[in-house]
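Written out below as C-alpha coordinates is the structure these notes cover.
Letters are used for the chains, namely A, B, C and D, taken in the order the chains are written, and counting of residues starts over at 1 for each.
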Amino acid sequence: MSYQFIEQFKVRDYEIDIQGIVNNAVYQNYLEHARHEFLISKGLDFAALSKEGLDLVVIRAEIDYKKPLVSGDEFYVGLNFKMKDRVRFQFEQNIHRKVDDAICVQAIITGTGLNKNGRPGVPKELAEVLLK
Amino acid sequence: MSYQFIEQFKVRDYEIDIQGIVNNAVYQNYLEHARHEFLISKGLDFAALSKEGLDLVVIRAEIDYKKPLVSGDEFYVGLNFKMKDRVRFQFEQNIHRKVDDAICVQAIITGTGLNKNGRPGVPKELAEVLLK
Amino acid sequence: MSYQFIEQFKVRDYEIDIQGIVNNAVYQNYLEHARHEFLISKGLDFAALSKEGLDLVVIRAEIDYKKPLVSGDEFYVGLNFKMKDRVRFQFEQNIHRKVDDAICVQAIITGTGLNKNGRPGVPKELAEVLLK
Amino acid sequence: MSYQFIEQFKVRDYEIDIQGIVNNAVYQNYLEHARHEFLISKGLDFAALSKEGLDLVVIRAEIDYKKPLVSGDEFYVGLNFKMKDRVRFQFEQNIHRKVDDAICVQAIITGTGLNKNGRPGVPKELAEVLLK
(Lines give C-alpha, C1' and ligand atoms only; values in the text may rest on other atoms or scores of the structure.)
Protein backbone atom coordinates (compact mmCIF):
# COMPACT_ATOMS: atom_id res chain seq x y z
CA MET A 1 0.00 0.00 0.00
CA SER A 2 1.16 3.50 -0.70
CA TYR A 3 0.89 6.20 1.96
CA GLN A 4 1.49 9.94 2.05
CA PHE A 5 2.81 9.68 5.58
CA ILE A 6 3.87 6.96 8.00
CA GLU A 7 4.37 7.16 11.76
CA GLN A 8 6.17 4.42 13.73
CA PHE A 9 4.92 3.18 17.13
CA LYS A 10 5.39 0.47 19.71
CA VAL A 11 2.64 -0.82 22.01
CA ARG A 12 3.08 0.29 25.62
CA ASP A 13 1.86 -2.07 28.32
CA TYR A 14 -0.47 0.49 29.91
CA GLU A 15 -2.42 0.46 26.64
CA ILE A 16 -3.26 -3.23 27.06
CA ASP A 17 -6.60 -4.03 28.63
CA ILE A 18 -8.26 -6.78 30.61
CA GLN A 19 -8.34 -9.07 27.52
CA GLY A 20 -4.57 -8.81 27.07
CA ILE A 21 -4.84 -6.74 23.88
CA VAL A 22 -4.66 -3.06 23.04
CA ASN A 23 -7.94 -1.43 24.10
CA ASN A 24 -10.21 -0.28 21.25
CA ALA A 25 -10.14 3.36 22.31
CA VAL A 26 -6.33 3.42 22.28
CA TYR A 27 -6.22 2.88 18.51
CA GLN A 28 -7.95 6.25 18.17
CA ASN A 29 -5.09 7.77 20.14
CA TYR A 30 -2.62 6.22 17.71
CA LEU A 31 -4.61 7.46 14.71
CA GLU A 32 -4.85 10.97 16.15
CA HIS A 33 -1.14 11.13 16.94
CA ALA A 34 -0.29 10.04 13.38
CA ARG A 35 -2.55 12.77 11.96
CA HIS A 36 -0.94 15.44 14.15
CA GLU A 37 2.56 14.29 13.16
CA PHE A 38 1.44 14.44 9.54
CA LEU A 39 0.39 18.07 10.11
CA ILE A 40 3.76 18.82 11.67
CA SER A 41 5.51 17.24 8.67
CA LYS A 42 3.63 19.82 6.59
CA GLY A 43 4.72 22.68 8.82
CA LEU A 44 1.39 22.84 10.67
CA ASP A 45 0.76 22.45 14.39
CA PHE A 46 -2.57 21.20 15.71
CA ALA A 47 -2.11 22.88 19.11
CA ALA A 48 -1.02 26.19 17.57
CA LEU A 49 -3.90 26.13 15.06
CA SER A 50 -6.32 25.59 17.96
CA LYS A 51 -4.88 28.60 19.83
CA GLU A 52 -5.10 30.74 16.67
CA GLY A 53 -8.79 29.94 16.36
CA LEU A 54 -8.95 27.07 13.89
CA ASP A 55 -10.01 23.84 15.55
CA LEU A 56 -9.62 20.79 13.36
CA VAL A 57 -12.28 18.37 14.55
CA VAL A 58 -13.28 14.82 13.78
CA ILE A 59 -16.93 14.51 12.79
CA ARG A 60 -17.01 10.83 11.91
CA ALA A 61 -14.83 7.81 12.58
CA GLU A 62 -15.25 4.43 10.89
CA ILE A 63 -12.90 1.88 12.35
CA ASP A 64 -12.54 -1.79 11.43
CA TYR A 65 -10.68 -3.89 13.95
CA LYS A 66 -9.03 -6.75 12.04
CA LYS A 67 -6.37 -8.15 14.36
CA PRO A 68 -5.42 -7.07 17.87
CA LEU A 69 -2.06 -5.61 18.76
CA VAL A 70 -0.48 -7.11 21.88
CA SER A 71 2.27 -6.26 24.36
CA GLY A 72 5.55 -5.47 22.63
CA ASP A 73 4.16 -5.19 19.10
CA GLU A 74 5.82 -2.67 16.84
CA PHE A 75 3.52 -1.11 14.28
CA TYR A 76 3.05 1.88 12.05
CA VAL A 77 0.14 4.06 11.00
CA GLY A 78 0.01 4.89 7.29
CA LEU A 79 -2.29 7.66 6.12
CA ASN A 80 -3.62 9.41 3.06
CA PHE A 81 -5.38 12.78 3.12
CA LYS A 82 -8.04 14.02 0.72
CA MET A 83 -10.81 16.60 0.58
CA LYS A 84 -14.18 14.82 0.68
CA ASP A 85 -16.02 17.95 -0.37
CA ARG A 86 -15.52 21.68 0.12
CA VAL A 87 -15.90 21.66 3.90
CA ARG A 88 -14.85 18.16 4.89
CA PHE A 89 -11.52 16.35 4.73
CA GLN A 90 -10.92 12.65 5.02
CA PHE A 91 -8.03 10.59 6.34
CA GLU A 92 -7.66 7.00 5.26
CA GLN A 93 -5.55 5.42 7.96
CA ASN A 94 -4.32 1.87 8.39
CA ILE A 95 -2.43 0.36 11.30
CA HIS A 96 0.10 -2.27 10.22
CA ARG A 97 1.80 -4.73 12.54
CA LYS A 98 5.46 -4.52 11.68
CA VAL A 99 6.49 -8.16 11.97
CA ASP A 100 4.31 -9.30 9.05
CA ASP A 101 2.85 -6.02 7.72
CA ALA A 102 -0.65 -7.34 8.54
CA ILE A 103 -3.35 -4.68 8.68
CA CYS A 104 -4.68 -4.61 12.25
CA VAL A 105 -6.97 -1.61 11.98
CA GLN A 106 -8.51 0.19 9.00
CA ALA A 107 -10.01 3.61 9.58
CA ILE A 108 -11.68 6.39 7.68
CA ILE A 109 -11.69 9.61 9.69
CA THR A 110 -13.76 12.52 8.43
CA GLY A 111 -13.22 16.00 9.80
CA THR A 112 -13.64 19.67 9.29
CA GLY A 113 -12.24 22.91 10.61
CA LEU A 114 -14.18 25.15 12.98
CA ASN A 115 -13.33 28.83 13.16
CA LYS A 116 -13.87 31.02 16.24
CA ASN A 117 -17.56 31.37 15.40
CA GLY A 118 -17.97 27.60 15.14
CA ARG A 119 -18.46 27.78 11.38
CA PRO A 120 -17.19 24.69 9.55
CA GLY A 121 -14.73 24.91 6.70
CA VAL A 122 -11.18 24.17 5.65
CA PRO A 123 -9.07 27.19 4.63
CA LYS A 124 -7.97 26.70 1.02
CA GLU A 125 -4.28 27.26 1.80
CA LEU A 126 -4.46 24.58 4.49
CA ALA A 127 -6.04 22.06 2.12
CA GLU A 128 -3.44 22.79 -0.55
CA VAL A 129 -0.58 22.14 1.84
CA LEU A 130 -2.07 18.87 3.08
CA LEU A 131 -2.89 17.54 -0.37
CA LYS A 132 0.73 17.74 -1.55
CA MET B 1 -35.69 7.89 21.98
CA SER B 2 -36.28 4.54 23.58
CA TYR B 3 -33.35 2.56 24.99
CA GLN B 4 -32.96 -0.89 26.43
CA PHE B 5 -30.36 0.41 28.86
CA ILE B 6 -29.06 3.77 30.09
CA GLU B 7 -25.85 4.56 31.97
CA GLN B 8 -25.27 7.94 33.66
CA PHE B 9 -21.89 9.74 33.50
CA LYS B 10 -20.21 13.04 34.23
CA VAL B 11 -17.23 14.40 32.33
CA ARG B 12 -14.00 14.28 34.32
CA ASP B 13 -11.45 17.02 33.66
CA TYR B 14 -8.66 14.58 32.78
CA GLU B 15 -10.78 13.50 29.80
CA ILE B 16 -10.63 17.01 28.31
CA ASP B 17 -7.97 17.62 25.70
CA ILE B 18 -5.94 20.47 24.30
CA GLN B 19 -9.03 21.89 22.54
CA GLY B 20 -10.96 22.14 25.79
CA ILE B 21 -13.38 19.35 24.87
CA VAL B 22 -13.63 15.63 25.60
CA ASN B 23 -11.06 13.84 23.43
CA ASN B 24 -12.51 11.68 20.64
CA ALA B 25 -11.01 8.47 21.98
CA VAL B 26 -12.60 9.00 25.39
CA TYR B 27 -16.11 8.62 23.96
CA GLN B 28 -15.16 5.04 23.10
CA ASN B 29 -14.35 4.51 26.76
CA TYR B 30 -17.79 5.81 27.70
CA LEU B 31 -19.46 3.57 25.09
CA GLU B 32 -17.52 0.52 26.26
CA HIS B 33 -18.32 1.14 29.92
CA ALA B 34 -22.02 1.46 29.09
CA ARG B 35 -21.93 -1.86 27.20
CA HIS B 36 -20.22 -3.62 30.10
CA GLU B 37 -22.73 -2.21 32.59
CA PHE B 38 -25.49 -3.41 30.28
CA LEU B 39 -23.97 -6.92 30.40
CA ILE B 40 -23.84 -6.73 34.20
CA SER B 41 -27.50 -5.66 34.28
CA LYS B 42 -28.19 -8.94 32.43
CA GLY B 43 -26.19 -10.97 34.93
CA LEU B 44 -23.14 -11.20 32.67
CA ASP B 45 -19.61 -10.02 33.40
CA PHE B 46 -17.23 -9.04 30.60
CA ALA B 47 -14.12 -9.76 32.67
CA ALA B 48 -15.44 -13.14 33.88
CA LEU B 49 -16.50 -14.14 30.34
CA SER B 50 -13.00 -13.31 29.13
CA LYS B 51 -11.44 -15.51 31.84
CA GLU B 52 -13.84 -18.34 30.97
CA GLY B 53 -12.71 -18.22 27.36
CA LEU B 54 -15.31 -16.10 25.61
CA ASP B 55 -13.90 -12.79 24.50
CA LEU B 56 -16.50 -10.33 23.30
CA VAL B 57 -14.71 -8.14 20.80
CA VAL B 58 -15.55 -5.09 18.76
CA ILE B 59 -14.96 -5.60 15.05
CA ARG B 60 -16.29 -2.28 13.75
CA ALA B 61 -17.09 1.12 15.22
CA GLU B 62 -18.95 3.88 13.40
CA ILE B 63 -19.02 7.04 15.44
CA ASP B 64 -20.57 10.39 14.53
CA TYR B 65 -19.41 13.30 16.64
CA LYS B 66 -22.25 15.84 16.71
CA LYS B 67 -21.50 18.16 19.63
CA PRO B 68 -18.58 18.12 22.03
CA LEU B 69 -18.94 17.48 25.73
CA VAL B 70 -17.05 19.91 27.96
CA SER B 71 -15.83 20.12 31.55
CA GLY B 72 -18.60 19.47 34.04
CA ASP B 73 -21.15 18.12 31.55
CA GLU B 74 -23.47 15.44 32.80
CA PHE B 75 -24.55 12.95 30.16
CA TYR B 76 -25.89 9.48 29.61
CA VAL B 77 -25.29 6.68 27.15
CA GLY B 78 -28.40 4.98 25.86
CA LEU B 79 -28.10 1.67 24.04
CA ASN B 80 -30.00 -0.95 22.13
CA PHE B 81 -28.70 -4.45 21.38
CA LYS B 82 -29.54 -6.63 18.41
CA MET B 83 -28.12 -9.56 16.48
CA LYS B 84 -26.92 -8.35 13.07
CA ASP B 85 -26.59 -11.91 11.79
CA ARG B 86 -25.78 -15.30 13.28
CA VAL B 87 -22.26 -14.41 14.37
CA ARG B 88 -22.34 -10.65 14.83
CA PHE B 89 -24.14 -8.45 17.32
CA GLN B 90 -24.71 -4.74 17.09
CA PHE B 91 -25.05 -1.98 19.65
CA GLU B 92 -26.75 1.24 18.72
CA GLN B 93 -25.44 3.76 21.24
CA ASN B 94 -26.13 7.44 21.66
CA ILE B 95 -24.54 9.89 24.06
CA HIS B 96 -26.96 12.54 25.31
CA ARG B 97 -25.98 15.72 27.10
CA LYS B 98 -28.23 15.90 30.12
CA VAL B 99 -28.98 19.61 30.28
CA ASP B 100 -30.87 19.66 26.96
CA ASP B 101 -30.95 15.98 25.95
CA ALA B 102 -28.96 16.89 22.79
CA ILE B 103 -27.29 13.94 21.06
CA CYS B 104 -23.54 14.54 21.20
CA VAL B 105 -22.37 11.22 19.76
CA GLN B 106 -24.11 8.54 17.72
CA ALA B 107 -22.42 5.18 17.42
CA ILE B 108 -23.00 1.79 15.90
CA ILE B 109 -20.69 -0.81 17.39
CA THR B 110 -20.50 -4.23 15.77
CA GLY B 111 -18.95 -7.14 17.61
CA THR B 112 -18.67 -10.86 17.90
CA GLY B 113 -17.55 -13.45 20.43
CA LEU B 114 -14.28 -15.31 20.12
CA ASN B 115 -13.91 -18.67 21.82
CA LYS B 116 -10.60 -20.12 23.02
CA ASN B 117 -9.74 -21.24 19.48
CA GLY B 118 -10.39 -17.77 18.11
CA ARG B 119 -13.53 -18.88 16.31
CA PRO B 120 -16.17 -16.17 16.04
CA GLY B 121 -19.73 -16.66 17.23
CA VAL B 122 -22.24 -15.67 19.85
CA PRO B 123 -23.55 -18.47 22.06
CA LYS B 124 -27.33 -18.70 21.60
CA GLU B 125 -28.05 -18.48 25.33
CA LEU B 126 -26.00 -15.29 25.54
CA ALA B 127 -27.85 -13.68 22.64
CA GLU B 128 -31.21 -14.61 24.16
CA VAL B 129 -30.35 -12.97 27.46
CA LEU B 130 -29.13 -9.76 25.80
CA LEU B 131 -32.10 -9.44 23.45
CA LYS B 132 -34.62 -9.36 26.29
CA MET C 1 -11.70 8.17 59.14
CA SER C 2 -13.18 11.60 58.84
CA TYR C 3 -13.11 13.43 55.51
CA GLN C 4 -14.03 16.92 54.38
CA PHE C 5 -15.29 15.53 51.08
CA ILE C 6 -16.08 12.15 49.55
CA GLU C 7 -16.54 11.21 45.89
CA GLN C 8 -18.07 7.88 44.81
CA PHE C 9 -16.68 5.84 41.89
CA LYS C 10 -16.87 2.46 40.21
CA VAL C 11 -14.00 0.82 38.34
CA ARG C 12 -14.49 0.80 34.57
CA ASP C 13 -13.04 -2.12 32.64
CA TYR C 14 -10.92 0.08 30.35
CA GLU C 15 -9.02 1.16 33.48
CA ILE C 16 -7.84 -2.41 34.11
CA ASP C 17 -4.42 -3.33 32.81
CA ILE C 18 -2.50 -6.38 31.67
CA GLN C 19 -2.26 -7.65 35.27
CA GLY C 20 -6.04 -7.62 35.70
CA ILE C 21 -5.99 -4.71 38.14
CA VAL C 22 -6.51 -0.96 37.90
CA ASN C 23 -3.37 0.58 36.38
CA ASN C 24 -1.25 2.70 38.75
CA ALA C 25 -1.63 5.85 36.68
CA VAL C 26 -5.43 5.58 36.75
CA TYR C 27 -5.54 6.14 40.51
CA GLN C 28 -4.12 9.60 39.85
CA ASN C 29 -7.08 10.23 37.57
CA TYR C 30 -9.43 9.24 40.37
CA LEU C 31 -7.60 11.45 42.86
CA GLU C 32 -7.66 14.43 40.46
CA HIS C 33 -11.35 14.01 39.72
CA ALA C 34 -12.13 13.92 43.45
CA ARG C 35 -10.14 17.13 44.01
CA HIS C 36 -11.97 18.90 41.17
CA GLU C 37 -15.35 17.77 42.48
CA PHE C 38 -14.31 19.07 45.90
CA LEU C 39 -13.56 22.45 44.30
CA ILE C 40 -16.97 22.43 42.63
CA SER C 41 -18.62 21.62 45.98
CA LYS C 42 -16.99 24.83 47.22
CA GLY C 43 -18.31 26.83 44.27
CA LEU C 44 -14.98 26.75 42.42
CA ASP C 45 -14.28 25.36 38.96
CA PHE C 46 -10.83 24.11 37.99
CA ALA C 47 -11.39 24.70 34.28
CA ALA C 48 -12.79 28.20 34.82
CA LEU C 49 -9.94 29.12 37.20
CA SER C 50 -7.46 27.99 34.55
CA LYS C 51 -9.13 30.19 31.91
CA GLU C 52 -9.13 33.15 34.33
CA GLY C 53 -5.40 32.80 34.79
CA LEU C 54 -5.00 30.78 37.99
CA ASP C 55 -3.65 27.33 37.30
CA LEU C 56 -3.79 25.02 40.27
CA VAL C 57 -0.93 22.59 39.78
CA VAL C 58 0.37 19.52 41.54
CA ILE C 59 4.02 19.83 42.51
CA ARG C 60 4.43 16.56 44.40
CA ALA C 61 2.53 13.31 44.68
CA GLU C 62 3.23 10.60 47.24
CA ILE C 63 1.12 7.55 46.62
CA ASP C 64 1.08 4.28 48.55
CA TYR C 65 -0.55 1.39 46.75
CA LYS C 66 -1.96 -0.94 49.42
CA LYS C 67 -4.47 -3.17 47.64
CA PRO C 68 -5.46 -3.24 43.99
CA LEU C 69 -8.93 -2.41 42.76
CA VAL C 70 -10.34 -4.87 40.23
CA SER C 71 -13.12 -5.01 37.65
CA GLY C 72 -16.48 -4.05 39.12
CA ASP C 73 -15.15 -2.65 42.40
CA GLU C 74 -17.06 0.25 43.86
CA PHE C 75 -14.94 2.68 45.85
CA TYR C 76 -14.75 6.22 47.13
CA VAL C 77 -12.07 8.86 47.47
CA GLY C 78 -12.05 10.73 50.76
CA LEU C 79 -10.04 13.91 51.07
CA ASN C 80 -8.90 16.58 53.49
CA PHE C 81 -7.44 19.93 52.44
CA LYS C 82 -4.93 22.02 54.34
CA MET C 83 -2.39 24.77 53.71
CA LYS C 84 1.12 23.32 54.07
CA ASP C 85 2.66 26.78 54.15
CA ARG C 86 1.87 30.17 52.62
CA VAL C 87 2.25 29.09 49.00
CA ARG C 88 1.54 25.38 49.07
CA PHE C 89 -1.61 23.42 49.80
CA GLN C 90 -1.89 19.75 50.57
CA PHE C 91 -4.55 17.16 49.94
CA GLU C 92 -4.63 14.00 52.02
CA GLN C 93 -6.56 11.53 49.90
CA ASN C 94 -7.48 7.91 50.52
CA ILE C 95 -9.18 5.47 48.20
CA HIS C 96 -11.48 3.06 50.01
CA ARG C 97 -12.92 -0.11 48.51
CA LYS C 98 -16.59 0.01 49.34
CA VAL C 99 -17.31 -3.63 50.12
CA ASP C 100 -15.07 -3.69 53.22
CA ASP C 101 -13.92 -0.06 53.53
CA ALA C 102 -10.30 -1.25 53.08
CA ILE C 103 -7.85 1.49 52.13
CA CYS C 104 -6.48 0.65 48.68
CA VAL C 105 -4.47 3.80 48.06
CA GLN C 106 -3.13 6.50 50.37
CA ALA C 107 -1.94 9.74 48.80
CA ILE C 108 -0.55 13.09 49.81
CA ILE C 109 -0.80 15.58 46.97
CA THR C 110 0.99 18.90 47.31
CA GLY C 111 0.17 21.77 45.01
CA THR C 112 0.26 25.47 44.45
CA GLY C 113 -1.40 28.08 42.27
CA LEU C 114 0.35 29.69 39.34
CA ASN C 115 -0.80 33.07 38.12
CA LYS C 116 -0.43 34.33 34.55
CA ASN C 117 3.19 35.22 35.18
CA GLY C 118 3.94 31.76 36.51
CA ARG C 119 4.38 33.03 40.07
CA PRO C 120 3.35 30.49 42.71
CA GLY C 121 0.86 31.31 45.42
CA VAL C 122 -2.63 30.58 46.67
CA PRO C 123 -5.00 33.56 46.82
CA LYS C 124 -6.11 34.05 50.43
CA GLU C 125 -9.82 34.04 49.57
CA LEU C 126 -9.39 30.72 47.77
CA ALA C 127 -7.61 29.12 50.72
CA GLU C 128 -10.31 30.37 53.10
CA VAL C 129 -13.06 28.81 51.03
CA LEU C 130 -11.28 25.46 50.76
CA LEU C 131 -10.38 25.25 54.46
CA LYS C 132 -14.00 25.48 55.58
CA MET D 1 23.44 12.53 35.35
CA SER D 2 24.33 8.92 34.77
CA TYR D 3 21.60 6.38 34.05
CA GLN D 4 21.51 2.63 33.63
CA PHE D 5 18.86 2.95 30.96
CA ILE D 6 17.28 5.68 28.86
CA GLU D 7 14.03 5.63 26.86
CA GLN D 8 13.18 8.30 24.28
CA PHE D 9 9.66 9.78 23.96
CA LYS D 10 7.69 12.56 22.35
CA VAL D 11 4.57 14.14 23.84
CA ARG D 12 1.39 13.17 22.00
CA ASP D 13 -1.39 15.74 21.89
CA TYR D 14 -3.98 13.43 23.46
CA GLU D 15 -1.81 13.45 26.59
CA ILE D 16 -2.27 17.20 27.02
CA ASP D 17 -5.01 18.29 29.38
CA ILE D 18 -7.31 21.23 29.94
CA GLN D 19 -4.37 23.38 31.18
CA GLY D 20 -2.43 22.84 27.95
CA ILE D 21 0.22 20.66 29.61
CA VAL D 22 0.78 16.92 29.96
CA ASN D 23 -1.63 15.59 32.58
CA ASN D 24 -0.04 14.48 35.86
CA ALA D 25 -1.23 10.90 35.52
CA VAL D 26 0.36 10.57 32.08
CA TYR D 27 3.86 10.92 33.51
CA GLN D 28 3.23 7.68 35.38
CA ASN D 29 2.51 6.05 32.03
CA TYR D 30 5.84 7.32 30.72
CA LEU D 31 7.66 6.09 33.82
CA GLU D 32 6.01 2.66 33.60
CA HIS D 33 6.80 2.28 29.91
CA ALA D 34 10.45 3.16 30.57
CA ARG D 35 10.64 0.52 33.33
CA HIS D 36 9.12 -2.15 31.08
CA GLU D 37 11.52 -1.29 28.26
CA PHE D 38 14.36 -1.53 30.78
CA LEU D 39 13.15 -5.04 31.68
CA ILE D 40 13.05 -5.97 28.00
CA SER D 41 16.61 -4.65 27.55
CA LYS D 42 17.56 -7.18 30.25
CA GLY D 43 15.77 -10.01 28.47
CA LEU D 44 12.74 -9.85 30.76
CA ASP D 45 9.13 -9.25 29.78
CA PHE D 46 6.64 -7.72 32.21
CA ALA D 47 3.62 -9.29 30.47
CA ALA D 48 5.25 -12.72 30.26
CA LEU D 49 6.37 -12.57 33.91
CA SER D 50 2.79 -11.75 34.89
CA LYS D 51 1.46 -14.76 32.97
CA GLU D 52 4.10 -17.01 34.56
CA GLY D 53 2.92 -15.97 38.01
CA LEU D 54 5.30 -13.21 39.04
CA ASP D 55 3.57 -9.84 39.16
CA LEU D 56 5.93 -6.93 39.57
CA VAL D 57 3.92 -4.27 41.37
CA VAL D 58 4.46 -0.70 42.44
CA ILE D 59 3.88 -0.18 46.14
CA ARG D 60 4.89 3.48 46.42
CA ALA D 61 5.40 6.36 44.03
CA GLU D 62 6.99 9.68 44.95
CA ILE D 63 6.80 12.12 42.09
CA ASP D 64 8.03 15.70 41.98
CA TYR D 65 6.65 17.78 39.14
CA LYS D 66 9.28 20.44 38.30
CA LYS D 67 8.34 21.75 34.85
CA PRO D 68 5.47 20.77 32.61
CA LEU D 69 5.93 19.11 29.24
CA VAL D 70 3.85 20.63 26.45
CA SER D 71 2.67 19.70 22.95
CA GLY D 72 5.52 18.61 20.72
CA ASP D 73 8.15 18.26 23.46
CA GLU D 74 10.69 15.53 23.00
CA PHE D 75 11.98 14.03 26.21
CA TYR D 76 13.61 10.98 27.72
CA VAL D 77 13.22 8.97 30.89
CA GLY D 78 16.48 7.99 32.58
CA LEU D 79 16.41 5.32 35.27
CA ASN D 80 18.54 3.55 37.82
CA PHE D 81 17.53 0.32 39.55
CA LYS D 82 18.52 -0.83 43.01
CA MET D 83 17.33 -3.21 45.72
CA LYS D 84 16.01 -1.18 48.66
CA ASP D 85 16.00 -4.23 50.91
CA ARG D 86 15.50 -7.98 50.43
CA VAL D 87 11.91 -7.75 49.21
CA ARG D 88 11.67 -4.28 47.70
CA PHE D 89 13.31 -2.74 44.65
CA GLN D 90 13.53 0.93 43.79
CA PHE D 91 13.66 2.83 40.54
CA GLU D 92 15.05 6.33 40.49
CA GLN D 93 13.56 7.89 37.38
CA ASN D 94 13.92 11.35 35.91
CA ILE D 95 12.16 12.86 32.94
CA HIS D 96 14.35 15.24 30.95
CA ARG D 97 13.12 17.67 28.33
CA LYS D 98 15.38 17.17 25.36
CA VAL D 99 15.79 20.73 24.13
CA ASP D 100 17.63 21.89 27.27
CA ASP D 101 18.01 18.68 29.31
CA ALA D 102 15.93 20.28 32.09
CA ILE D 103 14.50 17.82 34.61
CA CYS D 104 10.71 18.00 34.35
CA VAL D 105 9.81 15.16 36.69
CA GLN D 106 11.77 13.34 39.40
CA ALA D 107 10.38 10.07 40.67
CA ILE D 108 11.23 7.33 43.09
CA ILE D 109 9.19 4.22 42.43
CA THR D 110 9.28 1.41 44.97
CA GLY D 111 8.02 -2.04 44.08
CA THR D 112 8.04 -5.70 44.85
CA GLY D 113 7.21 -8.98 43.19
CA LEU D 114 4.11 -10.96 44.07
CA ASN D 115 4.06 -14.68 43.41
CA LYS D 116 0.91 -16.70 42.74
CA ASN D 117 0.13 -16.83 46.45
CA GLY D 118 0.45 -13.06 46.76
CA ARG D 119 3.67 -13.34 48.77
CA PRO D 120 6.04 -10.43 48.21
CA GLY D 121 9.63 -10.93 47.16
CA VAL D 122 12.09 -10.53 44.32
CA PRO D 123 13.66 -13.73 42.99
CA LYS D 124 17.45 -13.46 43.45
CA GLU D 125 18.21 -14.27 39.80
CA LEU D 126 15.87 -11.46 38.72
CA ALA D 127 17.54 -8.92 41.00
CA GLU D 128 20.99 -9.95 39.78
CA VAL D 129 20.02 -9.42 36.15
CA LEU D 130 18.50 -6.00 36.84
CA LEU D 131 21.41 -4.74 38.95
CA LYS D 132 23.94 -5.27 36.17
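FYI, contacts are C-beta pairs under 8 Å (C-beta built on N, C-alpha and C of every residue); 3 or more make two chains touch, one makes a residue touch a chain.
Because the structure is a prediction, the values reported are computed rather than measured.
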Treat touching chains as neighbours and tell me the shortest step distance from subunit A to subunit C. 1
Based on CA centres, what chain would you say lies at the far end from subunit A? C
Approximate Å spacing (C-alpha centroids) for the pair subunit B, subunit C: 28
Using mean C-alpha positions as chain centres, tell me how far subunit A is from subunit B in Å, no decimals. 22
So what's the Cα centroid distance for subunit B and subunit D, whole Å? 33
Quick check: what residues of subunit C touch more than one other chain, meaning two or more? 13-14, 16, 18, 20, 23, 25, 29, 32, 46-47, 71
The subunit B residues in contact with subunit A across the complex are 18-19, 23-26, 28-29, 32, 46-47, 50, 55, 57-65, 68
What does subunit C use to touch subunit B in their complex? 12-14, 16, 20, 29, 32-33, 36, 40, 45-47, 70-72
For the complex, which residues does subunit D have touching subunit B? 13-14, 16-18, 20, 23, 25, 71
